[in-house]
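Letters are used for the chains, namely A, B and C, taken in the order the chains are written, and counting of residues starts over at 1 for each.
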Amino acid sequence: MLRTKVFNLLARNGPSRLMSTATKLTTVEVNDKTGIATLTMCRPPVNGLNLELLKDLSTSIGEIESNKSRGLILTSSNATIFSAGLDILEMYKPEKERIRAFWTQLQEVWLALYGSSVPTAAAINGHSPAGGCLLATSCEYRVMLPKFTIGLNETQLGIVAPKWFMASFLSVLPQRQAERALNQGRMFTTEEALQIGLIDETASSKEEAVEKCAAFIGTFAKVNPLARSLTKQQFRAADLQQLENERQDDLEKFLFFVNQPAVQKGLGIYLEGLKKKSKK
Amino acid sequence: MLRTKVFNLLARNGPSRLMSTATKLTTVEVNDKTGIATLTMCRPPVNGLNLELLKDLSTSIGEIESNKSRGLILTSSNATIFSAGLDILEMYKPEKERIRAFWTQLQEVWLALYGSSVPTAAAINGHSPAGGCLLATSCEYRVMLPKFTIGLNETQLGIVAPKWFMASFLSVLPQRQAERALNQGRMFTTEEALQIGLIDETASSKEEAVEKCAAFIGTFAKVNPLARSLTKQQFRAADLQQLENERQDDLEKFLFFVNQPAVQKGLGIYLEGLKKKSKK
Amino acid sequence: MLRTKVFNLLARNGPSRLMSTATKLTTVEVNDKTGIATLTMCRPPVNGLNLELLKDLSTSIGEIESNKSRGLILTSSNATIFSAGLDILEMYKPEKERIRAFWTQLQEVWLALYGSSVPTAAAINGHSPAGGCLLATSCEYRVMLPKFTIGLNETQLGIVAPKWFMASFLSVLPQRQAERALNQGRMFTTEEALQIGLIDETASSKEEAVEKCAAFIGTFAKVNPLARSLTKQQFRAADLQQLENERQDDLEKFLFFVNQPAVQKGLGIYLEGLKKKSKK
C-alpha cells in the first residue's frame, strides 16, 4: 500500500492522489473528495490481458479493498479500447508453467472483482470484447461511450467461455438473451448493449462516464458499508463458490481445450490476421 | 378451525364470514361467494412483525390452508402501512430465548406463505419496507395503492436480508435489478414498483386492490387445484428446500449478526430516531 | 442413416434431399444449399406425442446430429397444429410396460433436443400446447404463425409439468412470468407469446417461418461449430444433468401421479369431451 504522490488529474471532481506506483500496467487514483478509486488499465496497445496485467489488476483491486475506498471504477488509458480481452499470445504455443499461472491469475482477478466488497463500476471507454466484457460484467454498473462494441465473442475465436464468464453475463442479462449472445459470440454496439441491459448508461466522454460511475457509487452513501458488502457477497456467493470449488478442474479443462491442435491452429490463423491488419 | 360469526364486511363481493377470532393480531374473512380468504394484519401502530403477530400469521395461514379456501389475500387494517417489517424491538437488546423464537417464527411464516398450496395475492394498501416487502413478494401477485413505497431496505438499517428474502425478491425481479436494489436498500414508489415488475397492478382504493387480487385468484377457476398446487410447489421447491436445509444455520447466523455491538448500536440510534419522530 | 432420394420441396431455398425414409411419423429434409435439416412431425390428426412419434423424433434428431447438419428446424405437416402434446391415450388406462417406454422416450427426446449440438429452431405453424410447447421451448429460437396458441397448459388438464418442462420454459421466460403461466396453465396467443418473449418472431406462412428459422441458424455461419456446441451444452448442462440424475425418480413420480384414480377420471372426462367434439 503505497500512497506516494498527489496528482490533480480529475480536476472537476477535486484533487485525487495516486495510490500506487508499485504496479506498472495499472494505476489507481483515489479522489480525495469522493473517496472513490479509479483503476486504469494501461498496457499498450490494447490492454490485452496477459499474466503481468492480470497480476497488476489483482494487486490494485487488493489495494482498493484494503484501503477501504468508497468504490472502484475500472477504466482504460486507451482512447478506443477498454480491453481487447485475453492476450492470445498467452494461449498460442504456450509455455507450460506460464499458461497455468496465467489462467490461475485470471481466476483470481474474477474472484476479486466479482466478489469485491466495495461498490464497483466500469467506465467502458472503448471496445470491450471477451475478457474485456468479463471485467465489465463483473462490476455492478456499466457506463459506455458511443460507437464501441461489447460482448463475449469467444465462439467467434473458436474458444469456449468458461462457466464463470457465463455467471457474470447472467448476472446482467436474462437467460434467453445471454445464451443466444454467447452461442453467437455476439458483439453489441453501445446502443444495442443499452437496449438489452448489458450496460446501464451511455456517456459522451470518458470524464462523463467516470462521473456517472461515481454517481452510481454515490447511491450507497447512506447505506451501511458492512451490510452492503455482506449483502452483495451473499447474492454472488453461489457463483463465486462454484469457481472456488472447481478451480483445479476449470484450469485443467482450459489447458486441455487450448492445447487441442484445432484450437492452436485457429489461434495461429487469428494472430496471422492481426499481424497483417497492423501492417496495413 | 373456528368459524364463529358471519359479518357482512365486503358487501360488494357478497357476504363473508369471519373464519377465526382465536387470534388477535390477524383476522381471516372468507368471502362466501368467491371462497377467497382475506387475511388482515392488525397490529397497531405499523404492523411491526413481532413474535405474536408472526404466530398469528402462521395460525391464520394454516387455517386458510386446511379450510381449502380458493385463495388468500394478504392486506393490512392500517390506512397507510401494509407492514413496517420486522419489529426492531425484537432485535434490540434481545432476550435470548425470545429472539430465537422470533426468528424461527419468521422462517415458519415464510415457508408457509411462499410455499402455500392456495393461490396468494397481496393487497398492498400502505408502505411495505423490509419484512413487509418479504411478505408481499412471497405472494404470487401484488396490487398496490399509489403514493406508497416498497422494497428490501435492510442495508439502510445496517442489516443483511437473508438468502430466503433474496429468493422471494428474485422470484419477482430480474437478477440485475434485484441485486442492485438489495445492495442499495432501495425503496420503490408505487409507480417505480409497477415499472420494474415488483408489483403487478395499482388500485385506487383498498377495496379495489382486494377486488383485483380476487380477479387474479379467479384466473385459476378452471384449473385443477391439486395440479396447480403441485406445480407451484415444484416451481418453488429449490428455494423452500434451501431454507429447510439451513434453518439452524440461518438462525445462528442471524443471532451472531444481530448481537454485534455495531449492529446493536445502529438499531439503538434508529429507535431513538423513531421516538423523536413520534414525539413531533 | 439413409439418404435415398432428392426432392425439390423447398424450391425457394434451392434443392433439398430427403435424409431418411426409415421413420414414418417424421421426415427429415436437408437443404443442399444451406445444409440445414427440416424435421417435420407428421402423425395425423394432431401430432399427438405417442411412443412411436417420440421414437421417430429421437431417430431423426440422432440422424441430424450425426450427419453434422448446419442446423435443425422443427415443424409440423399439419396446417393448424404444431403438436397437440402428449397423446392422452398413452396415459389413460395405460399398459404397464408401454407407459414406462413412453415416458422414457419423452425424456430421451428432450435430452436430445434441448441438448442438441446443432443450432435448433421451431417453425410453429399451428397450436402448440403442453408437450408441443415443450418441444418448441427446447429449441433455441421460435417463429410462429398468427392466430395460434402456445403454452404449458398441464394444470388445465389436471396434470403437473415435470421439472424439465419448467427448465425449458425458464430458459425462455422470466421466472415471474414462467411460474404464473405454469400455475394458470395459460395458453398465449401468437401476439401475447411475442410480447412476453415466448416466441422470437412471427411469420405469415410456414415457408416464411422456416426461412426465418434458417436466417437465425445463419447467424452462426462465422462461428466455430465445436466452440458453439460446447458453449451451448455448458450453458444447458445444469438443466440436462438434473434430469440425467433423476431419470428413474422422474419416471416413478410420473407413473404414481398418472395412476391416481382422480387423474385417470380427469383424463377420461377429457377424452370423452374430445370424442364429442370430433363427432360434431
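The criterion applied here is as follows: a contact is a pair of C-beta atoms (placed from the backbone, for glycine too) under 8 Å apart; a residue touches a chain by one contact, two chains touch by 3 or more.
Please read all numbers here as calculations on a predicted model, not as lab measurements.
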Same or different residue numbers at the chain B/chain C copy interface, by half rule: different
Rotation angle (°) superposing Cα atoms of chain A on chain B, nearest 5: 120
Distance between chain centroids, defined by C-alpha means - chain B, chain C (Å): 39
Multi-chain contact residues (two or more partners), chain B: 174
Chain C to chain A touching residues, read off their complex: 119, 140-141, 170-174, 197, 219-220, 222-224, 226-228, 230-232, 234-236
Chain C contact footprint on chain A (complex, rising order): 154-163, 166, 174-176, 178-180, 182-185, 262, 266
